[in-house]
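My questions will all concern the structure given below.
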Amino acid sequence: MMIVMKATATEAEIDAVIDRIQGVGAVAHPSRGEEITVIGAIGDREHVARLELEGAPGVAKVVRILKPYKLASKELRREPSVFEIGGARIGGDSFALIAGPCTVESREQTVGTARVVKDAGAAMFRGGAYKPRTSPYAFSGLGESGLRLLAEAKAETGLPIVTELRDARDLEPVLEVADVIQVGARNMQNYTLLTELGRAGRPVLLKRGLTATLEELLMAAEYILKEGNPHVILCERGIRTFETSYRFTLDLLAIPVLKELSHLPVVVDPSHAAGRRSLVEPMSLAAAAAGADGIIVEVHPNPAEAICDGPQAVVNDDFAALVGRIEQAAAVAGKVLSAAV
Amino acid sequence: MMIVMKATATEAEIDAVIDRIQGVGAVAHPSRGEEITVIGAIGDREHVARLELEGAPGVAKVVRILKPYKLASKELRREPSVFEIGGARIGGDSFALIAGPCTVESREQTVGTARVVKDAGAAMFRGGAYKPRTSPYAFSGLGESGLRLLAEAKAETGLPIVTELRDARDLEPVLEVADVIQVGARNMQNYTLLTELGRAGRPVLLKRGLTATLEELLMAAEYILKEGNPHVILCERGIRTFETSYRFTLDLLAIPVLKELSHLPVVVDPSHAAGRRSLVEPMSLAAAAAGADGIIVEVHPNPAEAICDGPQAVVNDDFAALVGRIEQAAAVAGKVLSAAV
Amino acid sequence: MMIVMKATATEAEIDAVIDRIQGVGAVAHPSRGEEITVIGAIGDREHVARLELEGAPGVAKVVRILKPYKLASKELRREPSVFEIGGARIGGDSFALIAGPCTVESREQTVGTARVVKDAGAAMFRGGAYKPRTSPYAFSGLGESGLRLLAEAKAETGLPIVTELRDARDLEPVLEVADVIQVGARNMQNYTLLTELGRAGRPVLLKRGLTATLEELLMAAEYILKEGNPHVILCERGIRTFETSYRFTLDLLAIPVLKELSHLPVVVDPSHAAGRRSLVEPMSLAAAAAGADGIIVEVHPNPAEAICDGPQAVVNDDFAALVGRIEQAAAVAGKVLSAAV
Amino acid sequence: MMIVMKATATEAEIDAVIDRIQGVGAVAHPSRGEEITVIGAIGDREHVARLELEGAPGVAKVVRILKPYKLASKELRREPSVFEIGGARIGGDSFALIAGPCTVESREQTVGTARVVKDAGAAMFRGGAYKPRTSPYAFSGLGESGLRLLAEAKAETGLPIVTELRDARDLEPVLEVADVIQVGARNMQNYTLLTELGRAGRPVLLKRGLTATLEELLMAAEYILKEGNPHVILCERGIRTFETSYRFTLDLLAIPVLKELSHLPVVVDPSHAAGRRSLVEPMSLAAAAAGADGIIVEVHPNPAEAICDGPQAVVNDDFAALVGRIEQAAAVAGKVLSAAV
């Protein structure tokens, strides 16, 4: 940590900062320039982190040097993490396509879509049984009966299941079905949920919050990793900006930047950012070409009848053609589609 | 809801939209202009809300007309809601000052600060026992023993207690102490938590999420109100923008705009947005002059020793002077400080 | 335009709005619902635009229906515009690669880089002679002697030249060299500059402002088109958001959305958004795969010595390999690289 | 400047950075920690600023220590600047109220409003003759005949005139009338305009761009100051964020933060941020209570008939009452209204 003193800082103020640094067991390295003095604080990460010097007399600025996460960082592990889930691989050279309906509605819609997804070469099947909704008046998912439909889809197709956990109290039934547990964007900083998932040990697909920085996303991953669960897949799904021509701004720079910072796989959800079917294909191709380790996309047999997010769902009948183009885009980035066994 | 058709929409596409509207039991009112056709959909709010027409052929834009919340709205209740909590009033002409440490650390710090706050004329005492932290390595509160210290502060001073609930599973011990339960910004869309608090019936101080629109804040309030708990206090605490000279951008326009949209009281947290002590006073005065129904501010006997957020805490010894100036600013907006009995 | 009245609007307020609409020569279509009344105002675009009803008594919301631009819109011209510049084509199935140094520094750097760019198959050569700089103390370009170096590069390679015009008073010398005149992001709403460029008739590459909505970008294009110059190329170059891990957030959703709204070609500048060389390739590939009509990228023989923006420049020696991969990504979107003749 | 090396940086990479620093004539201070090395670069501000080390091998992060502006900074001048303009004072303990119509429309509207403004105790009269408009089809001001109407208003009332310069080529006629020249938000980074205004020597009211950081605002001021014109008034007028319930987010934290960074006076424009009359009063009071040195507010005799921005104009008849409340709010911050002589 570097503490930049104000040009007007007195010697007494500088000494007080040095004392505080030594007080937490760290070493202070002052550099006195002509205009200002900068003091380095070097020591144990946790101790230094507790030095709350921002408000101290004479202090202009405090600059953190070390990253506030460890287990998620590239420093810990230089090689990209590759996870094998139900026979499919994600990370490294393997691109995983995760597809399925926004929400599980019926046996036919669920199992039928799973078959389409499987036949097109997807790695996993997604479907929501517990849906967080902005409005208390909206449909919030079939709950446990939805989980049973997902289990049927898995039995029929062999595809591993990705489904969202909204509340830690539903963990047990979700663990019975899910191969990957999704944490929604609104729950990215629900720390009790993250801690439980860290303990549960099942792979987690962690969606970036609407307004979360990449550092905060990695800190959220760190909550899970810290409990001993190494299987965290990061997911960019659009951030909130001033633009109103589409739902969220899909931040594809996040892909190469996360890969510089972390060894964890990065997938992209083009459906929720776009909010409209016609934008899903160009964003899927862009994500694949930019080096994403996968995409998670919504498909539906008949979007006009979908209970939720119909406008953004790709029609089942168009899905195989889309997969072909995604395969081509992933190849540009040196990746190969990995299908479930 | 108004459905704006594209200039290129065919008659068949227009008819299909009209059919969809009638299919959910609403009435369609088409207006055919020279360039485009606009179709009004008038009917039951929930039914119309389920019309997901954004992706439909020929549709250019869908414009919602009715607000998606009811119980929080000014339409339901024209007069501002005024709540009485432990003898203090909040809302209408009454301005409530809520103050205390970020986190409860010790008996002396807690009870001592509560006395200072009480003597200066505050309405309520705040203090955190469960703290959500971005880093899994940071101190996350004393938990139940923190709650016991808050109970002591209440016993000593008579001040009602405001404290945060982070996880629905801690609801019972929190209910034993809290007069107002705070929902943190990161939990604003934790819908299971909101629903539980709606059922618990205790007043709730609901903080706006970092990236939540005012409409989403009111939707979150609606989750609580819908369960039969009318006592929701809205709290502006800064939103995330591109500016990096301070921690968050305090959105004071939210005060008059929320008051146009809703009858619920609106308070402001200047401490978390500013992140620095020197900015807390100007923002407290601005909030009061803009018509806020209260502020919630952090104070500490010795911020340099504070476990969390010391740099933004007002020093206990300076607090009474600050309260005097806040009283003057509130008077500009026609409000009077309401102290706990 | 639709005027949504408040639930509390009186008959007199509704009538007053209808009178205002008729007063500008438009036709009013009121629809009275059970809760609220909505009034359509249909008539000449300019007249209706002058109806400033937002503040009027009883009015809850005013919703514009027609787009505020005409000449830039897809309604005017359904087919994508394709421009031929110095033998290269941009738009439709043609992908144009524009490359060169951030700023023109010397004869060797300029002409040498132009040769590298030409050999790799680029469509145009870019280089700045007038540089807008945030700091008044920074280098602001060689000015007219820089333009002469660009002319030499053109004479040597035959590549058409793209260069920025910062001030309308430099228009004449710039017109002597430039085949395409660039408008920088900070000048996107410099309306006098846009109007002059509309009159000059030379193709314009219009960069999106850091905080401009897509609608505002199209309105800025409209300023140029309205003066009779149809050759406007839109350029996405990153918007400002809360994220600080990279310089700007590259908004690739802008590509398909601009193509839905407008017939104008859309190019992407990956260099300025990323700010770092390692991010330029993944973002170039993503832009091409998403359907951009071209990219404009910075290259330099020796970035460590570059006067400006060295850290984001691709090294000349790596450029040909990059072009090969971009060609592959453009093919995914059905486009072919178009080189200068 | 501090250069933070990656944990993986080699000795050769560290040495190369030290060489680069010494190469520009600065001194390198390396601090080697257990995990990483940090190198301080201390020397002449301009030289150090040219060290573009972000992309260099082994470099993790570059942290600027010195502010990139000098003349605008508090370091240069500890005491707040106070300007006297036409007898009124702005800065220090003096609060200046600047009011008038958005745009000059007619003799009666202009001179009549100037009288109302003068009688209510304003310091200056504002009115636009050249209006930047997002749409090329919108009214863009009366131009020189508008300036003549402003001259009449000044002759009648003695109030100093604040009016916008949109294009440097109109500088001469504007200088004949204006006591303060306004630079609009869209022109905040129009560097040729800023430089011309620096040379013209007339006081400048510089509006913050929609997306400009406070540092960029101060850099824009530096362009003017650097030419020898010390009279720059900074103006906060709302920034662009994700919120859509009002036009722009008024950033009142900018007031105390700018005052920590700079000696220049800070005023607030509540009208353009709010976009609606009902929000102008609470935001005016908040700005005054937060310590602004003035506000610039739009008034109109009959907003329903205003050519531009009618919905946000305060009605002339309500203005005196508003001034009374603003005076009270300014007093909370220790300031007194300063009227034109």
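Chains here go by letter, A, B, C and D, matching the order in which they are written, and residues are numbered from 1 within each.
Everything below uses one rule, namely that a residue touches a chain if its C-beta (ideal position, glycine included) is under 8 Å from a C-beta of that chain, and two chains touch if they have at least 3 such contacts.
Model, not experiment: these values are computed from the prediction.
Asks: When the contacting C-beta pairs are counted for A-C and for B-C, which pair yields the higher total?
Replies: A-C
Asks: Measuring centre to centre with C-alpha atoms, which chain is farthest from chain C?
Replies: Ranked by distance of C-alpha centres from chain C, the top chain is B.
Asks: Just how far, in Å, is the C-alpha centre of chain C from the one of chain B?
Replies: 39
Asks: Taking each chain's centre as the mean of its CA atoms, how far is chain A from chain B in angstrom?
Replies: 27
Asks: Measuring from the mean C-alpha position of chain A to the mean C-alpha position of chain C, what distance in angstrom results?
Replies: Comparing mean C-alpha positions, chain C is 31 Å from chain A.
Asks: Hunt down the residues of chain D that sit against at least two other chains at once, touch-wise.
Replies: 211, 240-242, 244
Asks: Would you pull the chain C residues touching chain B in the complex into a rising list?
Replies: My answer: residues 2, 4, 7-8, 29, 31, 33-36, 38, 40, 42, 61, 63, 65-66, 75, 240-242, 244.
Asks: Where on chain C is chain A touching in the complex?
Replies: Residues 211, 213-215, 239, 241-246, 249-257, 260-261, 273-274, 278-279, 282-283, 285-291, 325, 328-329, 331-333 of chain C touch chain A in their complex.
Asks: Mind pulling up the chain D residues that touch chain C in the complex?
Replies: Touching chain C from chain D are residues 20, 45-46, 49, 52-56, 68-69, 132-138, 140, 166-169, 186-187, 189-192, 195, 209-211, 216, 219, 222-223, 226, 240, 275-277, 303-304, 306, 308-312.
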